[in-house]
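Got a structure for you, written out below as structure tokens; questions coming shortly.
Naming follows writing order (A, B, C and D), and every chain is counted from residue 1.
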């Protein structure tokens, strides 16, 4: 991993072009040659190359995290009522309020970000700033702080953001004092991070809200999912569509040169390189993520190629290792037990394959069906529901059903005792007992 | 599957509201109670409930498929140069041309769809209409036809679309005759399909371009990926952001009541129900997809929970079943062979776990490393590259490396003969031989 | 006049800059050094210098004249219902239709001009083109014709205008065939004129609709007034406000280099010079009109300085030259006749001054008041009403009133016989008779 | 005048509809039945009917007057560089800043009005408020004051205006503290006036900047002209075009129910009636002005009808009353003196008529030309220049020229002594002397 990143970093260091942000002197001081990349995996392993420990201000990269925080406070309906989720196709500082309601278009443009900051629950502006810093720290897995100089400069040049806040209060979409809210927003933007920090923060969204390094659940799966969705459509300003076309990952950039992307269920990545393109995104950051997406096949719409079958074997008339007398044997001969084995991860596609095999087996009207899922390595929440539905349907049709799964799965189910077992043989034995009971 | 869909259809049939499109009489004749749902899985299995075989006109649902066709003809760079990929945040018939270039915003709004139609390679308008019908048929897996009455009516009321075409020719983003191009577009919209057809068409995009029913490769993986990305950001008109937030699937709707969604790598789904909401999307279609996304956990940003380990076992000093003399045994004792076993699908996350284990093993400076991947069920293209890179790196560091994989994988590799084997024992044996050679 | 214009022409010939329109080859062929100025006065006198007889196509300068024609056909309410009168602050070819109605913003942008052309009453497109040419000829005072080459070229490059027409039919603000209407519009733009022609056309609007050269009433005063008002706010495209600020005259320019301005009640002026500025207005035309407005104090908002009094004399107890006996003399002594003389033009201001003097005289309760207006040179319609109202009020208060005016005015009034006279003495005599009757 | 206004007031009192502004409680308290009209003439005479002395806050009617003040401070070029003059076609509180410069569209929308307020020269905000109040008082001709309650309420609900100010400082088009500038603006809007005051203020603009009641020159003619031009195109918000079409007078309305209009060179009028239409203009105010414009023929584009000739007589060979000997007589016979008499006001049209007569006379090559302008009542600045030019041209061609004018004109000229005289005979005598000298 590290070599792969190192090779990428070395090659893209040669990429020149772009301008360091200069609207405040503190940002203009950044070294245009600084370049670092960091990745944090789902397992919490951390990889970094180059200037991944150089501190800079988080700026707009704070937006998705503060959105996740406000979304946790308000819930999805209320959040959507206050801040929209539509790509505005406009620049980051666009004036894009919905007619009549004054609702900002989305939380990734400044107006929406300021409104979002104001929605973070807190007793007063000081407490709000403290809470935001605390939660950003939870995402990062270490205690962060503010860059007071950058904060002071942002505040001194923040009239456009103040204008947005006054506009929103005039339109009724902001109730707090506009001056105080923008001040909190400037503090939020001035939180100091490194690429290594941002990679952990991005990974926390990519895992569904669980910081993979500290193990802390920072936000719920629902909040993480919605935050990633908003980043996917609104995160890259007016180039959101082309970004999703070419890179295919939820992402967010900041004017200080930070850029994060999240590969749901895979990892979080962060790049730090101050020179920005015309849209305000880090030039090397965009190049690095474009190449990584292609190299590792990370595009959200990319379809992985499955080369092996989910269903491994089907035994038409199985018997447990136990001995039976002839009467019982006759019963079991009349109502055979079909065993279907499966392997690998059960997501929608695999489950659908498995259940199609189950249905074919059930059509021959056996006495029982055993699913041997002991070689199955994962079951998604949706697929689990699909399996459950099929089991109930089979039982309605008079069949006996048992399932063998690995211990971690077994710990989670609470079906009728005995139906869920740890081995194929136990499952078959349980079915035999039921069929014999049925025969009375 | 079918029961699950049947339950959904029954429940949502009670959902009233919305208006059948009435801008032309032919559409107004549709029965507002018609309601059908169809799913086609990656394996080509087809499920359908309700009026899934009732014919209607494809209308705007044709847009992503004709986009895929033009994209195949032009390649991604040229296609993007001609038609953008940015969500316009506007209604389907918006006038949204890029200043200076006249490039339409994206292929899902009418202007972009008309420009896209004009880019389909053909000798003349008649041939273009024929080719479009032919390729839509390939997506559907059966021969489709036109609804001539709807075509005639669309043409009679098509002034706004003609205006868009004239505007584009004036702006230089369209070179063909505007009147003829819009005529072709009206024919494309009047292609007659059923929900069952649309499900196969959607599934063909979801599989990466391979029709799962007929087995025909209709477009490339790259074309399918990009088409899905454009559907994700631009497919639901001015509600694209909220759709991706709530449903999280690439989708496209048509004014006749059709609505498709694609779950990449899982399935294609289509709903037919004529009453439309204010944005022009099928009311029951939106409800059905929202519920399916939630029920089956299909949201693109949803993170599946992996419950079992990828790495199954690590043997610190493995030996093959073969006998060795003491001298050879001493050589092998000095340079032990470490075996690492893995199971399940190897996507980015699992591969990263596996390679982290490999790296830990390599740090103890053994003589060889054997990867036992015989329980591995799938390897993504990106992960395969990651594994290859690590193997080469280990060899550069003086270690011997062998890999045991299932036969389907073995058929695909063309590494040094012998290094790739079908069993763990063979791999260990191969390493023993190499280590003995090294020892001279 | 001619020397003054000649001096201006000579000086501004040195003004370079601007580009000859080149979107069609026929316009690009124009000689950038061609420069002519023409003025037509209210009395129909014509002044011209430079290339004032060089033919070119009228282009957008046709817009106000065709608007006047359609306005004559429809009347003001219906015309306003079909085409607005708001400055759009946009370029000439902007797409500026009112939401919901599709009504174009004003008749000076292309969309509004095309809609206006379609409103000209005619049996068919051919008749409409013929009628437009006929009425433009009436404005010009000579038979005009088309430049067929320019027409053909405009038609070949007219897609944007066709798009506007299709958009309007789609929106319901145009009912005719869009292709045919734009064709008529292209013919209208290709009418061939000279600066000398345009000066007569402009003068016809400036006189209130009467061609001052031919004496033909081309349109009504109401139509001319409204046409000038629309030119004032919408005639110079997106620079209308600054134009009215600096030049202060209704104006209209064309892409072939023509530019007209109207000074209501004074004259019409036309300039021909092909190089255009960024807004599409003739560079030398703008410069010439700016200077003329300033030099001759033509700004609509400029307040003329009146240096002499309106009221010339007041005679407290006037007598006619006739002899009266003592009894009668006593009657007249008791009810004296006050004469108030006035001079010059009676517009609002002068009339208000005059009537204030009348009011002061009436407060002394004389027997009669005589207005001697024989030195008055003009009376506006509004002021005439004001005078009438005061006369009636005086009579209601018991005073006798007579008015002496010059013969042209006398020919127009139809008051009680005798009260309106041609000399001061006759008026006084008439009052004496009435006062004696009253006493009698 | 008063009866005419009284009749109008009585009739329009029956006009209901519209809503009293209610965004702050102080405005909502206004009596919807209050209705007053006031006119101030060029001579400073004041007419008023109804509630013309009821105080209310000036609100947006302050905008043109403060614009005139800032324009006086900065001059026309700098003023235009800071605040545009284009109609924005938008509501009064639109966000309409020019891209790149941040320049507001015009001084009649709030953004432009706030920027204009900031341009009034003053040492600090307090001094600026004091100076604005002082100059508004000069326009009104009496000491005005603030309504402190309205001011406090406006300030409490002024977020949108603050937003505009912050936006402008962010864009670089405002340098002052946004909070302080909007405070000054709120004070300006809270100045208390009556309809009678506003009529004097409007009349001061209509006279060219001279308060006709107090005789104070408040602003220059240039400033008044430009202010009226901006009112004409931008004063009635998004209905500016239709207003100019129907009413044809520069005007400005305020949300408290005030509405002014200016008839240049004629009068200022003000209406007070609180109920507002959807555009925020006083319902009865609009109705009253529409009717007055029509009744008194005040439309700027209306062409007055001149019924008498400017040129009264032409004498082909004039002689003074003096005796000459035969030799001298022969000289004068050989070079006859032509006298041309004129009457009335000499504006552009009349002057052009006069000079055309002069030119015809000059073509017969006489010795001298005498212009007898003793019956002329006014000469505009432009026409004076035209006459001067012609005189010089005649002298260049060898003719002698003299002019007889009334004493007020004579006091203003500084030509060669003797050439300008008070009577026709003196002028002829002067020419005789010159012709004899020439022969001498």
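To be clear about the criterion, a residue touches a chain if its C-beta (ideal position, glycine included) is under 8 Å from a C-beta of that chain, and two chains touch if they have at least 3 such contacts.
Predicted model, so just to flag it, every value in this text is computed and none were measured.
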| item | value |
| --- | --- |
| Shortest contact path, chain B to chain D, counted in steps | 2 |
| Centroid distance [mean C-alpha coordinates] between chain D and chain A, Å | 68 |
| Gap in Å, rounded to a whole number, between the CA centres of chain C and chain A | 70 |
| Distance between the centres, which are taken as Cα means, of chain D and chain C, whole angstrom | 19 |
| Graph class of chain-chain contacts, one of line, ring, star, complete, other | ring |
| Chain B - residues contacting chain C, complex | 95, 159-160, 162-167, 169-171, 178 |
| Chain C partner contacts - residues on chain D that touch it in the complex | 1, 3-4, 41-43, 45, 80, 84-89, 105-106, 206-208, 221, 224-226, 228-230, 232-234, 238-242, 244-245, 248, 250, 263-267, 295-308, 310, 343-345, 347-349, 352-353, 355-356, 375, 377-383, 385-386, 389, 393, 406, 408-409 |
